[in-house]
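Before anything else, here is the set of structures, which you'll find just below.
First chain A sits with chain B, and in the next complex the same chain sits with chain C.
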Partner chain A sequence: MSTKIKDTNSVGSKIFKAITYVILILFALLAILPILWLIMSSFKTSQEYQLDRLGLPKGIFYKNYIEAWKRGNFGVYIINSVVYTSITTIAICILGMMSGFAFAKIPNKATKGIYASYVVGILMTLQSIMIPLFIIINQVKLYDTKLGVLIPYIGIGLPMGVYLCTEFIRSVPNALVESARIDGAPYGRIFFGIIVPMSAPVATTLAILTVSGTWNEFMLINMLTSSTKNKSLPVGIQSFAGSLSTDYGKLFASLTIGLLPMLIFYLVFRKEITKGVAAGAVKG
Partner chain B sequence: MKGTEVSKKREDRIGQAPKNFLGLSSRGEEVMAYWTFVLPGFLIYLFVMAFPTFFAAFLSLTNYRGGALFGPKSVIWGNIAPERKMKIIGFDYYAQMFHDKYFWLALKNNMWIVFISVFGQIPLGFIMAYLIFRGMIKGKDFFQTVIYLPCVISTVVIGRLWGAFTAPNGALPDLIRLFKPGYVAGNSTHPMIPVLFVILWMYTGTYLIIFLANLQKIDTSVIEAAKIDGATEMQALRYIILPALSGVIVTSAILAISGSLKSFDLIYVMTSGGPAKQTYVLSIFMYDSAFKGAPNYPLANAVSMVMCIISFTMIGITKAVEKKFGGRE
Partner chain C sequence: MKKLAMVVLSLVLLCSMVFAQAAAEANSGKTTIRVLNYIDMSEPNSANEIAQIWDKFSAEHPEIEVIREDLFNEPFHQKVEAYAAQGNLPDVMYAWPSGRSETLHKDGYLYNLKSLLERDGLDKVYSATSMADQAGKVGYVGELPNGLTATSMMFVNTKVLRENGLEMPKTYADLVAMVPVLNAKGIEVVSMDCKDAWVMQSCLFSLITGRFGGADWADRVFAGETDFADEWFVKSLTAVDNLYKDGVINRNTLSIGYGSGRGDFANGKSAFYIDGDWACASFQTDVTTGQALFAPEAQKTDIELINFPAFDGEVIHESNSAVVGTGWAIAADIDADKLEAAWTLVKFLESEYAQTWRLTTGASFPSLTTIDVAKVCEEYNLEPLVAKRSDWYNNIQVATPVIDGVLPAAVFEVINTVLQEIGLGSTTVEKGVADVNAAWHAYIGK
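Let's look at the complex of A and B:
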């Protein structure tokens, strides 16, 4: 009797497994085919694309990339993106650990209120304040400057950073900090000597999340910059793509250039990124 | 031996200290240190996020349409002609906003995005996570990586890619013609459909990851035990899996609803709100009021306030739900 149940179960589970594979492979294809189509089309000449928009390219027409790179200023944009992303990430990690240390280990009545305001900042919809932010950046004469992009980026990423660091540093044993205090160590030395080295894991997670968020940011930097020397890669691609009318080869080549840095970053750090996504949702 | 000596030394010092065991001078040092660590970040945060919110509330009640706010030529207190000065005029621009049919169209399109998120992304994400979890299949990591991939790519690339793909002279009409010869691509009667499809395509992976992470916390032996007792798969889903995920499902739904306000990049790149403003959402409506033609900042700020109010309401609901379901881990 019991073996019979087991048998039907295993047949059922085999069918279930097969259906599962079919459905998941379909979804995976749906997710990846448009991206493969883009990369494939980037190797066609514009005429070839207009004649056959779905087929494989006849050859590897890599000139699209050379021309797009030459005309699109992508070198400048990539350097700018690296500058924005790295400074923002470093600043958020340092400021996040500093605030996290103070909130978690230095008693103060202000902690409750300030920390709560950061938590509101995590959930706040940034889009709702873009126009006032633009007016303010304009008024303090930071429009179209790198600083005028970096300050908003740091301020926007900070709530998440403070939250993650505070929660992590809370788990550092109080005894460590207290005994250092009793031995007369100033808070600065405790921070650099104990907290920073111990916070390496949370700083890594935070850095990976901040890099992927900052690199792709488009709305603010599109509004806050106007000259080539300050635009980031997404803004540069948007304006370059806008200048092409039917030059599809160069369009697809420039989009592929825009795709590659994040694609590589994602494939390297996918475990950490998915972990961060899952944790972010639970945190709410 | 050495250890006891050290701890004895410490005890001595504690013994010497007054009531507050760190002493008065170190209490002052403590306060100093606290603010040194907290203020740099907090000031940036206030400047970038808190101040603009209040500033928008103020500007939405004025007729400010540009010009210096500070310095000698300030429109508030500067030495300029009185008719150029900024005036507080109350809720006129809110009235203008509520009488603008495109505001309502934008709000309706935002609701469509909420709809596709709650009834598209979440169920699809759940089904995929459930299949991966219960199917006990190989390549779990592979499927998760591939399905989440669209979410990490720049929205500009995604928007342009789909824009080119779905254009009347793009690849999609060719694809349709493979199945339905003679198909002629015209202007769609529902311009939001491609946008909604791309939103579904792009963000469903997020919910797959969220649900899978939480499914993996369920003790599978409970499900197996129920199965041995004769429970069907549907019963296991209904009585074990769904109750265990209820908090996450509710939190995800709220995230999806408030996330719909965030749709700016994709629509800006794909359609810029067109054709004929048919794909307007609140953020694009606000952007166009501020930057298209003569800047109408008060109107833009009024829209901004509406979005802030929706956003803060959602935050309040999230917090209440978290308290009820204990969603925080």
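Let's look at the complex of A and C:
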């Protein structure tokens, strides 16, 4: 059986490569240009923006950032956002994998019913549970506390986490778990020794979904808190977009501030994210 | 692994800092009141509200401790609904005279301020229109309003008119005559930001229904003396249809987001711009940037405020649609020992000091008759647009109802849709009239 080696220097191949690059550059521009436009507009005054939306700024009006930071309470909100996002993400990933392991590898008669009750949570809209949630949180005296925000965040994110982890862990061969059991390993050891390392791709996918969802969450944080010390970044950002007017300069500055931590997160973990998404795509 | 360990350690440190709670303050014997404040920081010049209003109140009234929650936009309304559902409304809250605060008025969640106003002799100090009955209840003042909101202000770019040899329009026909002159130069005659369905209804159609239906059209509708199939409403919808067909308002305005057209108007891309009186402040100087869409010098010569010109066949002239403004309310179930403290705060929020401050920022026009606007303009060296705004109010001969202020949502939402369909040219006046009338009869049938 003969194998043909592809000639990567052929004219056809070069044209194909060029077209691929053009398309990729176009997509990259589509992603980057709005961010550049946002950053550029954040240095315009609101009036300058309204009079010339696409033009370059006449000067660097950096006061937008100072005003946005001060009036938007960003010093407090960023720390709160980091806390809410990190704790929620860690909790959902750990609890999701634990539940997924139990549902996928240690089934019993109740598994189907309990699993279904988790998955139904994915279909629930935030609006439908908002007022009951508000009343419950008040009754258990957790209103306007960080714990009163974290518990609903984790609870609302968990159904998706359990679903993704369960379906992923199902694909792990049963033979691996059974062999470990025969060798005398307890479930805890199997979970940490086999399941967790093998579930890294789904954990990464879940972490990305949870980080972006929690970082941008706006409705619940307003509902479950009242004081500045417990609110998070989206509240500060949205405060510059009113119903009857918008302070564009400060809105763009606050959006840029809000974007930075996510960009830093991506830059720090870009290898892990890329690996996780790619592995998830193959295995999942 | 090292990187992950560092991140986890940093997070643990951060969390321990954030969750560390300060010791509870000892009760100092103050009267504590909870307040739900509506603060729209997107408004130019709203920046100093906390210092100018709230901090000043605390300084003047150390015996009252205010626990304030600042919200805005949808989250504000969602929170009010949640508090109401829980039966735990704040002691003092910002409220609308109807519309978004309908539940509060209808279900008796708000204290009737009328008795307190009369007790303190304040009912005569605020303008009669701002003391009008609210939510259709006789002798009921659920919220003490900032003033009266006129919902149809017509801004004129007089520079555009001058440069094109045009005069200030007196009639609708004058506007129609401007269409070929201005359009030939790529300038729109009247611009509005009609993407949101409420804009046409609130900022122009309410004025039009008043012109054709008279100041009492809503009373007559509720009394069963007329309905939406009658001539006044047909003429009103026809007027809107004509605005688009005559090219006075471009159908493209239906794709312009609310507030986006102000810059184009200031740039001379349209000769007129229609919005509520609240939009006036956005043309004034923004204290945080020191810039304005119309600089103070340009405000003297390049911008005027007028009422929409006369329609052929209108039954009242120089009218404008107006509604009692937003203001401050007290929860009906407030503890008796907190009532006086809450009332002290509400009075302060609508005091001469607070209303004068709001006048200087352009936020709202005073409802207190004791405030001499001309004197304030001179004293504070306010921008020309503030004085023009004052004159504009004085020129309104009749105030007519605002549709979403008097009709139920089940009806005004149909009107909003019909107005957008007429704008798009996808329905006829006859069909629109039938739809609105059907919605009205369905509502009263219930």
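Criterion: the second predicted complex is superposed on the first by the 185 of 284 C-alpha atoms of A that agree within 3 Å, B and C clash if a C-alpha of one lies under 4 Å from a C-alpha of the other, contacts with A are read in each partner's own complex, and residues count from 1 in each chain.
Rule of thumb we're sticking to: a contact is a pair of C-beta atoms (placed from the backbone, for glycine too) under 8 Å apart; a residue touches a chain by one contact, two chains touch by 3 or more.
What you see is a predicted model, and the numbers here were worked out from it, not measured in a lab.
K.L.:
Would you sort A:Pro57 into first (chain B), second (chain C), both or neither based on which partner it touches?
P.N.:
neither
K.L.:
Applying the touch criterion given at the start, work out whether A:Ile87 contacts chain B, chain C, both or neither, answering first, second, both or neither.
P.N.:
Only chain C is touched by A:Ile87; chain B is not.
K.L.:
Between chain B and chain C, point out the one touching more chain A residues.
P.N.:
B
K.L.:
With the two complexes superposed on chain A, say which partner A:Lys146 touches: chain B (first), chain C (second), both, or neither.
P.N.:
second
K.L.:
Would you check which partner chain A:Ile79 touches, where first means chain B only, second means chain C only, and both and neither mean what they say?
P.N.:
second
K.L.:
Please work out whether A:Leu251 is in contact with chain B alone, chain C alone, both, or neither, and reply first, second, both or neither.
P.N.:
Both partners.
K.L.:
Given the touch rule stated above, what does A:Thr45 touch, chain B (first), chain C (second), both, or neither?
P.N.:
A:Thr45 contacts chain C only, not chain B.
K.L.:
For A:Pro186, select first, second, both or neither according to whether it touches chain B, chain C, the two together, or no partner.
P.N.:
After superposing on A, A:Pro186 lies in contact with chain B but is clear of chain C.
K.L.:
Once the structures are superposed on A, label A:Ser226 by its partner contacts, choosing first (chain B), second (chain C), both or neither.
P.N.:
Touch status of A:Ser226: second partner only.
K.L.:
Taking the two structures together, which residues of chain A meet both chain B and chain C?
P.N.:
50, 53, 130-131, 134-135, 218-219, 222-223, 238, 241, 251
K.L.:
Within their complex, state which residues of chain A touch chain B.
P.N.:
For chain A paired with chain B, touching residues are 9, 16-17, 20-21, 23-24, 27-28, 30-32, 34-35, 37-38, 41, 50, 53-54, 95-96, 98-99, 101-103, 106-108, 110, 114, 117-118, 120-121, 123-136, 139, 151-152, 154-156, 158-159, 162, 179, 181-182, 186-188, 191, 212, 215-216, 218-219, 222-223, 233-235, 237-238, 241, 248, 251-252, 255, 258-259, 262-263, 265-267, 270, 273-275, 277-278, 281-284.
K.L.:
Touching chain A in the complex: which residues of chain B?
P.N.:
It is residues 10, 13-14, 22, 26, 29-31, 33-34, 36-38, 40-42, 44-45, 47-53, 55-56, 59, 68-70, 127-128, 131-132, 134-137, 142-150, 152-157, 160-162, 164-165, 169-171, 174-175, 178, 201, 205-206, 209-210, 212-214, 227, 233, 248, 251-252, 254-255, 258, 261-262, 264-265, 268-269, 282-283, 286-287, 290-291, 297, 300-301, 304, 307-308, 310-312, 314-315, 318-319, 322, 327-329 of chain B that touch chain A.
K.L.:
Mind listing the chain A positions that touch chain C in their complex?
P.N.:
By the definition above, chain A touches chain C via 45-53, 61, 63, 67, 71-72, 79-80, 82-83, 86-87, 130-131, 134-135, 138, 146, 218-219, 222-223, 226-228, 238-247, 249-251, 268.
K.L.:
How about chain C: which of its residues touch chain A in the complex?
P.N.:
Those residues of chain C that touch chain A are 3, 11, 14-15, 17-19, 39-44, 47, 69-73, 75, 78-79, 81-82, 85-86, 88, 258-259, 262-263, 266-267, 276, 278-279, 282, 286, 288-289, 291-293.
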